[in-house]
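Since the structure comes first, as structure tokens, the remarks are kept for the end.
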Amino acid sequence: MTQPSPPQSWRERLYIIIFHADTPAGKRFDEILLLAILASLVVVMLDSVNSIHQHYALPLAGLEWGFTALFAAEYLLRLYCSPKPLRYAFSFYGVVDLLAVLPALLALVYTGAQYLMIVRVLRMLRVFRILKLTPYLSQANFLLVALRGSQQKITVFLLTVSTLVIVFGTLMYVVEGPHHGFTSIPTSIYWAVVTLTTVGFGDITPKTPLGQGLATLIMITGYSIIAVPTGIFTAELASAMRGGSESLQHACPTCGKAEHEASAGFCSRCGHPLFPKL
Amino acid sequence: MTQPSPPQSWRERLYIIIFHADTPAGKRFDEILLLAILASLVVVMLDSVNSIHQHYALPLAGLEWGFTALFAAEYLLRLYCSPKPLRYAFSFYGVVDLLAVLPALLALVYTGAQYLMIVRVLRMLRVFRILKLTPYLSQANFLLVALRGSQQKITVFLLTVSTLVIVFGTLMYVVEGPHHGFTSIPTSIYWAVVTLTTVGFGDITPKTPLGQGLATLIMITGYSIIAVPTGIFTAELASAMRGGSESLQHACPTCGKAEHEASAGFCSRCGHPLFPKL
Amino acid sequence: MTQPSPPQSWRERLYIIIFHADTPAGKRFDEILLLAILASLVVVMLDSVNSIHQHYALPLAGLEWGFTALFAAEYLLRLYCSPKPLRYAFSFYGVVDLLAVLPALLALVYTGAQYLMIVRVLRMLRVFRILKLTPYLSQANFLLVALRGSQQKITVFLLTVSTLVIVFGTLMYVVEGPHHGFTSIPTSIYWAVVTLTTVGFGDITPKTPLGQGLATLIMITGYSIIAVPTGIFTAELASAMRGGSESLQHACPTCGKAEHEASAGFCSRCGHPLFPKL
Amino acid sequence: MTQPSPPQSWRERLYIIIFHADTPAGKRFDEILLLAILASLVVVMLDSVNSIHQHYALPLAGLEWGFTALFAAEYLLRLYCSPKPLRYAFSFYGVVDLLAVLPALLALVYTGAQYLMIVRVLRMLRVFRILKLTPYLSQANFLLVALRGSQQKITVFLLTVSTLVIVFGTLMYVVEGPHHGFTSIPTSIYWAVVTLTTVGFGDITPKTPLGQGLATLIMITGYSIIAVPTGIFTAELASAMRGGSESLQHACPTCGKAEHEASAGFCSRCGHPLFPKL
């Protein structure tokens, strides 16, 4: 910014506004886009409410088409100003941007428009692209590091939970049977998940004493093992928050003390410098 | 307290009783006020029970008016004895004190009194003002420090949860449809929140195998990611609780670095011994 | 045990068997008593099942009387052999022992026997007296220390939760009203507790969009703030497990290092002895 | 692998393929077996769905028999090639392997085949045998160490929860009574478990104000004490994860004390310096 930047073409300036969020214009563009996405989501939601649809079908459809045109124009502009248009088109966000526009266009030819509504939800993911540059992202990064660190333990936990719900679900199917709502093994496994996760809809409930006893076992299991993912994640997060520093360290050459503070210049045990002085 | 305090006017003494809770008279005043607020809340609650209202409408209305008169008198006294009445009147507690009195007065003119009942709940916030000076508040402060420290991470978490319930809610609306209770996208998102938070009312439940499979996914997600806010808060609270002790360590005499490892014998920044050698 | 014990009277031996659980005879007595209490609880439970009561009312009543006679005899023996009978009679366990016998005797005079059944549950507390000497108790002690340490924080948390459910419950009463199941403010507060604690019975559910939006807020609040008691207890327990040692410690007289390992004889920073050698 | 292995008999090679998963052939065998077990589980599940059973009863039964024949052949092969067949036959996996085959054979003689379906679920446990050699197992080991370390505390916790649900269940039976759904003490205890674990089916709900107040108490208790198993497990897991690094520290040269504080310069037991002074 201290050096005079060379004159930019219109296309280059557009590229910076649309793809970079670190200039005032780029930030404003992303904020307006975020608002448009949110507004289009609200319109889709309102359109799904029956009483609103009956009275305001036309204006809502108009708004829908407006947003579709806006996002289509944005997609074409992105293709036009991007230095590598093909690379953008096949990137994750490129595909999402295209999918956000396509359903409305397809609805012109085929009348099954209401089933394509689901793709519009993907527009929501743009929120994360816009948030990319806020200070919140470094915090999200902390959470991701902790999640990645606990990935293997979480997999073991989910495998154990899966085995538990299959075993308990089958047992409940045998004990309670179809006339008490446990109509099949998959339904019973669904019930076991509802119970183990302490959701407890109550659409299917055990009626026999043996089934209620078994359900008691499942509920106390679910109530207790919720400690496992929590413990895993807490331990990983605490280690990630202390972390960073530790992977940079080498042992003290004099006394061999292995772990030091992140900014340590001297060993806190023997006072020896931790690296050759300049 | 060791020096003789200058003679006080009636207004000054009233000010200390009403606004300060660290004198015996001030403490007693706050305790009586707390009891009056609790009693007035109980009266409002009992009045809302139909069977009680039919039999005791008159005495309850009398008590209501008594409490309203009491709180009105208290509000006027606060205005009178405060050295800066305007500042009090526009402070948070000043507004709450006024709002606790107004509804009953307004009910004389308009008959929509039952809708104003809601404002009376704000009286409850006085409990915190009265508790201000108890030893419990330092503990509440610990919790607040931990909550403030984890604010950004919690925001990221809530944004992720919001995206999840919108995506899952829309998917369930498409999969299950209006004839299975998922009448609109907002209702489906409400259901997704009910399921993800493991509340599980059971007023709306999936009926199709695909919907039950998707619900299984939502439930296991909700059951697992409860670990995230817990992990965040636990890590922050543990760090807040250690906080105090670390700040007690004496600074390095050479470079002034304040915090050191528990058993550090040398400053890790300048290598100076941290205590006189024998 | 190395010294010859003086000859004991029958009453003294009985006292050791009944009140002390560290001799073989005393341990066996407590184990048999535990089994008798459990058996009497099972009998009370079975008697409450309608189908069982209709067929086995007589033998169950017989067993009930047998257990009552047994516990009455035990109570009289305890009174007889205790060196300070009055002190036992007015201790917690003395009162519980009396209450475990009284209902059955009272049922002879008054026919409201089924309402006194509730007192029998208190016999269950004897289980803890019997477990007193198992190695598990030191672990229970850890939990109690952690709970006591977090008592103040838990109180602040429970006060906040209470305020939240009162505010949210009243709001829901105003928003949903009696014709949607929210019949009174106490009922609405009960519903708010059911929702905030993620229990979610589903006997009362919001019907209006505003009510569902408010319920969403309560559910996400409840889902998030469960992190608070968990974080409090985890931090306290981790500190209690490191703990024990820390309260025994005094600072190093040479370098002032405050915290040492539990069994430290020398300061790990300067090597100075931590206490005068014998 | 660097030395030429002596020529093996067919039986020895088969033993390595079937029992050892560290050779390519053995790994492939285990992977195919895992797929076969999963497929047989899916077939059992699909067969339990009424609409599928009516249309595809015959092909599903055929598949069932195919899998049974496959597992029977595998069991016989294991017996044949194992160096100690009896030891395998009476090991845990040997019994599970036999039980996975027997039900289908027994169904030929007795027609109660549908009740034996439950044993087939045990095949699922083979999944863990196959996963035995993946890197995930070391993570599972971490979880097991933490669970074993917290076993005693968890037992105390479960005993307390059991006492709570018995006391609360009996109280609710007395307060609400059979005409509000609390038909017996065991049913009321089942309801107390449903409520305390925050599952909340809603098939039984309190109707009286006193019952709702008591339910509020149970719910807040359950909501709060979930912190206990979580705290226990988190503290143990964090200690298990730190564990490894501490054991790497070198022992004191004078007294042999193995573990020291991270930055200890002197042994805290004998005061000897832990590293050669400069």
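Annotations
By letter and in written order, the chains are A, B, C and D; residue numbering begins at 1 in each of them.
One rule holds for everything that comes next: a residue touches a chain if its C-beta (ideal position, glycine included) is under 8 Å from a C-beta of that chain, and two chains touch if they have at least 3 such contacts.
Note that the coordinates shown come from a computational prediction; the quantities given were computed from them, not determined experimentally.
Think of it this way: of A-B, A-C or B-D, only one pair shares over half of the A-D contact pairs by residue number, and it is A-B. When the interfaces C-D and A-C are ranked by C-beta pairs in contact, the top one is C-D.
A separation of 29 Å divides the Cα centre of chain C from that of chain D. Chain A and chain C have CA centres that are 41 Å apart. Shown for chain D are the residues in touch with two or more other chains, namely 157, 186, 198-202, 222, 226, 230, 232, 234, 238, 261-265. Considering their complex, residues 152-153, 155-157, 159, 163, 166-167, 170-171, 173-174, 178, 183-186, 189, 195, 198-202, 205, 209, 212-213, 215-216, 219-220, 222-224, 226-228, 230-232, 234-235, 238-239, 260-261, 263-273 of chain B touch chain A.
Listing the residues of chain D that touch chain A in their complex gives 41, 44-45, 48-50, 115, 117-118, 121, 124-125, 127-128, 131, 135-136, 139-140, 142-143, 146, 154, 157-158, 161, 186-187, 190, 193-194, 196-203, 222, 226, 229-230, 232-234, 236-238, 241, 245, 248, 250, 262-265, 274-275, 277-278. Those residues of chain C that touch chain A in the complex are listed here as 198-202, 230, 234.
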